[in-house]
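Have a look at this one.
Labels A, B, C and D are assigned to the chains in the order they are written; within every chain, residues are numbered from 1.
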Amino acid sequence: MAAEGRTFHQINYALGQGIQNMVRSPFMSLIVISTMMIALSTLGFLLLLLSDLNHVSEELSTQLKIVVFLEDQQDINKLASDVEAIPGVKPPVKKITREEAFESMTREQPELKELLKDNPFPASLEVAVNSTADMAKVGTEIRQKPGVEEVQFNPELAEQLQQVQNGVQLVGSIIAGILILATLAIVVNTIQLAVHQRHKEIEIMRLVGAPQWFIRLPFLLEGLIFGIFSSILASLLLVLWRLVPYSQLQRWFAFLPLPDSLMPLVSIGALLLGTGVLMGLLGSTVSVHRYLKLEYK
Amino acid sequence: MAAEGRTFHQINYALGQGIQNMVRSPFMSLIVISTMMIALSTLGFLLLLLSDLNHVSEELSTQLKIVVFLEDQQDINKLASDVEAIPGVKPPVKKITREEAFESMTREQPELKELLKDNPFPASLEVAVNSTADMAKVGTEIRQKPGVEEVQFNPELAEQLQQVQNGVQLVGSIIAGILILATLAIVVNTIQLAVHQRHKEIEIMRLVGAPQWFIRLPFLLEGLIFGIFSSILASLLLVLWRLVPYSQLQRWFAFLPLPDSLMPLVSIGALLLGTGVLMGLLGSTVSVHRYLKLEYK
Amino acid sequence: MIRFVNVSKQYSNHTRALQNINLEIPAGSFTFLVGPSGSGKSTLIKLLYREELATEGEIWVLDKNIENLSKHDVPILRQQTGVVFQDFKLLTQKSVWENVAFALEILGVSKQEQTKRIQGVLELTNILHLKDFYPRQLSGGEQQRVSVARAIVNKPPVLLADEPTGNLDPNTSWEIMKLLSKIGKTGTTVIVSTHNYSMVDRMKRRTIKLEGGKIVADIPEGAWTHGS
Amino acid sequence: MIRFVNVSKQYSNHTRALQNINLEIPAGSFTFLVGPSGSGKSTLIKLLYREELATEGEIWVLDKNIENLSKHDVPILRQQTGVVFQDFKLLTQKSVWENVAFALEILGVSKQEQTKRIQGVLELTNILHLKDFYPRQLSGGEQQRVSVARAIVNKPPVLLADEPTGNLDPNTSWEIMKLLSKIGKTGTTVIVSTHNYSMVDRMKRRTIKLEGGKIVADIPEGAWTHGS
């Protein structure tokens, strides 16, 4: 029991040391945190951009619609729900009755109204798909439904859009991968330099008889705190970007369906936190190890 | 004269110190150089990617052509050279004579050959433009030339492509800007940490009477060498990327006109060298200054 | 008991700092180590807490051949060995009090007990008024006394002091030396290297004289002058 | 000539290290500075090469009030002042030879002249055989002698030695002290702080005794014992 009490006391002390070290070397803490923050926010910024691009191209692809013309006297509601049931279709399917079609056509060209006695326009459905890749498949399936007069869509355009999407994703993943590696290396390097500054201290602690875990623990805690601080700061930077310059962009590119929600920031923030903490811990473990593994002569 | 001789000798010594310091702290030099290399190569990689994307979209846009049909009995060569003279046109203009048109049409649909006695196809020109933005202007100008029967092109498609190009460039510039700032900050931070390791040494040199320039010069030289080394290494990494994984990408994306040349690497390498050297010098100047500006008590 | 058996130490630059040392130091005894600059005094002391490893021979401390200690056991050896380092080796980021406390924290001594003990040694070494200062704010002699305080605060069975009065005036030196000698009387084995020959003459304790890495004299009730 | 006029020094933590010091030290003289640990000896020396600035008063060195030196002039003052630091202050990344050479490089002395002079001082301090070693490879006393060598190599008009024999055995201490005294005879103003009272007794030079930051004795042909 006494031994346990001691250990608890010691752990407490060692953790306190971590905080103390940070506070007493503000310059070093500042540099490490700012470097980590910069690396993480660059990473986060890129991930956010990719997520936005993805959103845009997805939005664009749902603007590509399959138009389904119905045979006369068909129940538009029933067909609509049939179509909605097809996998890959993004509900709701938009229904345009014969009357609505007449309305909209004559509104565009009022002179038609006089020329036409009868309503020549068929009822139709506008079907959006979840992914442009499914368009051809969905189109063919709809064509086989009873009561469908004609199906119109542009498979080449869909395919091209799909290719652009794939390209963006590929390039994005390459950049993200490289950036993740770069961030990792930079953070570990920075922490190594920071720990190197203290190698004399580590040496003295060893000479005075401090056990390895006792020396290591404060550094681990520091790494953890560095990770938490820097990732939170990086996330705040992203929120700031989203709130100010980004909304300017949205105004300029009004024709692009740029996403509005702050949702992706939550998951990116979580990712940054995870990465930051992991890198902080990893960095300090690796670096302290350098000085602890030295032979006890 | 004696004074000058001294100064030369001293400069020599101070520069030698820069080299000596690097060699005698291999760990620090390694960390600084590798961090700079990583930051610079990430930057360079991105710039390369942007230049490639630009190339691709430019190539794609020259694949969008204006087709010019000629009136009968017109001199195709003369019109072609007239058209080539229009600013914005990318020479050479491709000439398709009536015979060639007949040939190519009947090759596609052999049954035509029997149906047609006469050759109904007009001669035509295929005109590429340097920039899709010019397409409408060039098209209108060609239409006004004597002997032109009809001009066909798709201004909407051109405009869309132009928008995509603009988008890529904007996003690319934002990323590049952010990355440049991030690289700058990280490099300066790293050098600051490295110099901080030596602040005791700097202090001793000051106490022994070394003038400021004498202390500063070795650090400047070190910064310079760090910059040169790391940017050369970063450029080599880019060449490596271009030689191995990139050619794999070229094979996969055979349908995209990915550039082949190593030319952009030259300018990017030069840019990295400039950035690296500048950041190295800046970083060490700033950091040493921290310790030199301390009041002489 | 401390025992050296045929111990030699050659540094990596081929300096032969100790040559074939054989020595027995009984538990609870007090021993001076003297000799000219560079004769191997610090090296001998460094071997005892494993800052350096002997090139040859066996070194027995607290019934263990410390040349064969496992990674895990080295910190324990050092916890049982108080060392006054020739260059003090204070933690620059910690105050005087915290530097001394560190030696107790690694043993898990309770805060209450710590306060009592630290207060005690800082009074003994006459630096209690400096307890909140950092090493860089102290004079040379004050730093040296912090190093002494840290070495003795956990009452180690072995106490090694390398030139513990080099930066102290004669009166303070005498106080510190009396302190070390008193600690020796409580069962602690004390080894003190020194250049202060008037002190050695005055203390009349066993004195071992090194020269060129060899023991050239071992006088039971030593006086410097006997050795030279 | 060195002159202190009403000099006081209070450190940022309110320690009053020197109080109202008035002192004249003629050019080319040799002066001991003694006093208990923490009495202000190092502070007085630090004021003379501007490691610290006085809180009050004027300090004249080489005909200048060094309290008002411009940024540009401080390095020049330091080039004219050889200092043996109490904690040596050697450049860890440089060998013994390079450490000593550094003091000449900042003056732009030619390589040839350097070799001659460095060789000379390393012989005088008896560490020529260590010239290629780094400070961490030296014993305490050896490091101290490197610091002495660096301080005297450029024959400065002022030589300040702060406890230059604290890590040296009596024989070596005596050699070093004789060396400093000899330098004093060539017109250099020498100030030596020391705890080695037998040395002071033996040298019979002017001795200034500090206590609590005040001058409590100033004996022309001083002996420690007179002061206390």
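Operating definition for what follows: a residue touches a chain if its C-beta (ideal position, glycine included) is under 8 Å from a C-beta of that chain, and two chains touch if they have at least 3 such contacts.
Here the structure is a predicted model, which is why all the values come from computation and not from measurement.
Asker: Under the document's definition of touching, what chains do chain A and chain D have as common neighbours?
Answerer: Joint contacts, listed by label: B, C.
Asker: Please flag the chain sitting at the greatest distance from chain C, going by CA centroids.
Answerer: Greatest centre separation from chain C goes to chain B.
Asker: So the centre of each chain is just the mean of its C-alpha atoms; given that, what is the distance between chain A and chain B in Å?
Answerer: Going by mean C-alpha positions, chain A sits 27 Å from chain B.
Asker: Centre to centre, by mean C-alpha position, how many angstrom separate chain B and chain C?
Answerer: From the centre of chain B to the centre of chain C is 65 Å.
Asker: With centres defined as the mean C-alpha position, give me the chain B-chain D separation in Å.
Answerer: Taking the mean C-alpha position of each chain, the two centres sit 60 Å apart.
Asker: What positions in chain C touch 2 or more of the other chains?
Answerer: none
Asker: Spell out, as numbers or ranges, the residues of chain A touching 2 or more other chains.
Answerer: Not one residue in chain A touches at least two other chains.
Asker: Counting only chain pairs that touch, give me the topology of the graph as line, ring, star, complete or other.
Answerer: ring
Asker: Please give all chain pairs that are in touch with each other.
Answerer: According to the stated criterion, the contacting chain pairs are A-B, A-C, B-D, C-D.
Asker: Which stretch or stretches of chain B touch chain D in the complex?
Answerer: By the definition above, chain B touches chain D via 5-7, 9-10, 13, 20-21, 24-25, 201, 204-212, 214, 296-297.
Asker: Can you tell me which positions in chain C touch chain A when the two form their complex?
Answerer: 49-53, 69, 71, 74-81, 83, 85, 89-93, 102-103, 105-108, 110-111, 150
Asker: For the complex, give me every residue of chain C touching chain D.
Answerer: Interface residues on the chain C side: 11, 13, 15, 34-38, 41-42, 86-87, 133, 137-142, 145, 162-163, 166-173, 195, 197-198, 224.
Asker: Which chain B residues qualify as touching chain A in the complex?
Answerer: 27-28, 31, 34-35, 38-39, 41-42, 45-46, 49, 53, 164, 167, 171, 174-175, 178-179, 182, 185-186, 189-190, 192-194, 196-197, 253, 256
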